[in-house]
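Chains: A, B, C and D, in written order; residue numbering restarts at 1 for each.
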Amino acid sequence: MANSKYEYVKREFEFHRHLPASNWIVVRIDGCHFHRFSELHAFEKPNDDRALRLMNACATSMLEKFPDIVIAYGVSDEYSFVFQEKTELYQRDERLIISSCSSCFTSFYMMKWKEYFPSKELVQPPHFQVEVSCYPEPRIVCDYLSRRQSECHNRNQYTTCFWMLVKSGEGENKAKEILKDTLPKDKNELLFQRFQMNYNNEPAMFRKGSCAYRQKVEASEDERWDVAVAHVDMGPHFWAKHSYVFDRR
Amino acid sequence: MANSKYEYVKREFEFHRHLPASNWIVVRIDGCHFHRFSELHAFEKPNDDRALRLMNACATSMLEKFPDIVIAYGVSDEYSFVFQEKTELYQRDERLIISSCSSCFTSFYMMKWKEYFPSKELVQPPHFQVEVSCYPEPRIVCDYLSRRQSECHNRNQYTTCFWMLVKSGEGENKAKEILKDTLPKDKNELLFQRFQMNYNNEPAMFRKGSCAYRQKVEASEDERWDVAVAHVDMGPHFWAKHSYVFDRR
Amino acid sequence: MANSKYEYVKREFEFHRHLPASNWIVVRIDGCHFHRFSELHAFEKPNDDRALRLMNACATSMLEKFPDIVIAYGVSDEYSFVFQEKTELYQRDERLIISSCSSCFTSFYMMKWKEYFPSKELVQPPHFQVEVSCYPEPRIVCDYLSRRQSECHNRNQYTTCFWMLVKSGEGENKAKEILKDTLPKDKNELLFQRFQMNYNNEPAMFRKGSCAYRQKVEASEDERWDVAVAHVDMGPHFWAKHSYVFDRR
Amino acid sequence: MANSKYEYVKREFEFHRHLPASNWIVVRIDGCHFHRFSELHAFEKPNDDRALRLMNACATSMLEKFPDIVIAYGVSDEYSFVFQEKTELYQRDERLIISSCSSCFTSFYMMKWKEYFPSKELVQPPHFQVEVSCYPEPRIVCDYLSRRQSECHNRNQYTTCFWMLVKSGEGENKAKEILKDTLPKDKNELLFQRFQMNYNNEPAMFRKGSCAYRQKVEASEDERWDVAVAHVDMGPHFWAKHSYVFDRR
């Protein structure tokens, strides 16, 4: 074959990396330069309801496309997908998993854009990046998800204060200064005293992020599952109710 | 911090893999289930001129977005991008390079779709996968590109014969049988004898694929470069003329 | 510094690979060209009692040197060491773990040689190789050990038959032919019929290999542990009795 | 097979990592806790001539055992071995290369001990560790070697001063204080002023380390190569004379 003298470029230089067996695979997708992307498309501050629901719709499509995703959690422009321990998706080839998730999520985002922003043209292509981690036990996956949710809480409380201050006339630097070194309870107090806002009444999607998981369709005769999206604490109560998520298949 | 007890999920389980220094990085993007995607969107067989020009437009956007891509080569639903030896893109982090290229290419494909298929709605999200290889010397990168081009030649000659036979009334299985074990010259002869087609007169884009590279803008006073797309043999003649491709350090 | 212009060789090219957290690390040491080594030093066939006891003594020294080894299993010229799930030995750096185990085991082997072969000079340096695997659960570590022990059984039964046949006058090729495709019970039968040997009466160290683990020193007032070596089945009975081996520390 | 149910522990969990093709492989062996080892065996300070010559003898044995080592450089208790770019040793399997080099070097060290320390018993097993790096070009290998040699110079000049001061009656802390922040020329001056020692007259093996490489045997009719050990600057002059080192493909 004319081609055979070039065979070595594949044989010697192409390696496949497989993620370790019997580990839960967490794929985290993250928007790249989304600060600018959100300004270009005039997202509302600090949270844009449509943009978040668009992210949730993409996550739902991901769970529908990849049956081995058992749960997903998203906040702002990021979403984490947990693949079940035994998944053989692409023979656990790291590069194919990363690039497929990155490409599919981007595709879904653009396909669904019009549904959530019917009067707004996409003027810049969205761009996502992906990281991947492997966790040997459900307990550690839960800690991972708690970590994301705890960051969501801290970040959202901060940005809520920041934008309330800015909208009330403070400059951005002044707002940062006011918030420097404040504790969570200080921020709640600030919102209440200055703006008569009870932070705990803010929409749960903003405060707790979004969790997408499978649930049995109640009325169905044969066993059917669909994807639910909820804005709840992923603590002991949640896991007691959804323990099936980590059940081996 | 409330978050600190979850810190270990990051510290102990997130590793960054960096591609080896002083190596040319080749990122190959490949359509996933594009057989079905091309049927759904009624691409012409064996080659759809608009679909190929759409791929080339995406490649051009990639070269514009990533200044460290020195050359790219595409055929059918795949495209290979060569990043220069010293690139510090994402500190050579393998996962960020793979997921970014995968996401950006997908984004470009969807943004430009309407331009090349103005009367056709996208009915399925396109999905690409990415592989990556590292080559320590330009000579091996050239061999890699020659390998892709040699495969392009073999594959295109085969599918040209196949579709001519099918369009002339042979069943798909019969067509495969006729072509089994034929040599390149047999296929040329078949096309000529049976269909009065001279394979070498087929469009160069179909036979040789597409090569995207930077070239100096002639008339410009200050040094300016734009991206050219050509359908040529990437042999000694090409490299003699474009030796600068591997000299940009 | 005069040295600083060479700094990049370290910064850009030295990567550290860390074994995944919360996984049991199994380091398997294997003699290299030990067929020849055993001939040069006139080891008895099929099993040399002194050579096996030397291996066990080296394993004991390994458990004494590395407190994170929880159990080890050896047969012929190989030994597997299980490091506990949470070990921070060399920060789980793969290369340092591999090279240290390889060097230390070699060192112990040579230091102890005279004790087991007092009248035989070492005439060739012994040479060991190491592989490493990570297992997320004790259950899989047990399966790994069962696999090694099952191979020990098959291999030892075969070589026992082979050497009995050879010593009785059959040529080596003839012996191989006689044993081809025989089942375990055929081999037991052959030993009994032809040589009046009951395989199950052969020394347990030959049939079951050697298992090195920590056990509490009975008489001690304060809690003290030493290393025991036993030749037993590592099945449910063994694990019930030694369940502490996998207890988290 | 009884064994087949355990097969998965190998199939799913044993991965082989191959070092990238067309790269020079540098294996660096380093003594572990050699400070204590050298005290236990009463090595002379700051340099023990016999201990260094023992290291050089081991390096020579390594070059004899592994024909793909093209050059080696050693100082104190470390030695770096450069394997040629195309080596197929153990199919470039990282773990086998690391563990073999670590085991063989340890073996040689113990085998040759008596030759260099005839009246001293080995009272502690020596223990080495190994790191590995890949360099795509000879130029970078040379920079790596220069870096090691530059460190040798700095370290040896420092320890020479330190031990002269200590032997002259200064405490160890006082000696460190005197040397703090001194430049190389300050140290030369100190040795000359205080001890009438011209540092440049110290043995080259101490100041420049040891370089082991192959050289053609002059008188031989058929082409024969043996291993030379020299104590020279590995600068342009050296490489001009030994350019063949990087030409053996």
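Throughout what follows, a residue touches a chain if its C-beta (ideal position, glycine included) is under 8 Å from a C-beta of that chain, and two chains touch if they have at least 3 such contacts.
In this text, all values refer to a predicted model and were calculated from it rather than measured experimentally.
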Furthest chain, CA centroid comparison against chain B: C
Same-residue or different-residue interface between chain B and chain C, half as cut-off: same
Chain centre separation in whole Å, for chain D relative to chain C (CA means): 30
Distance between the centres, which are taken as Cα means, of chain D and chain B, whole angstrom: 46
Multi-partner residues of chain A (at least 2 other chains): 8, 13, 20, 22, 134-135, 140
Residues of chain A that touch chain C when the two form their complex: 20, 22-23, 134-137, 140
In the complex, chain C residues that touch chain B: 8, 12-13, 15, 18, 20-22
Chain C to chain D touching residues, read off their complex: 2-3, 5-10, 13-14, 29, 32, 94-96, 98-108, 110-111, 122, 125-135, 140, 143-144, 146-147, 150-151, 154
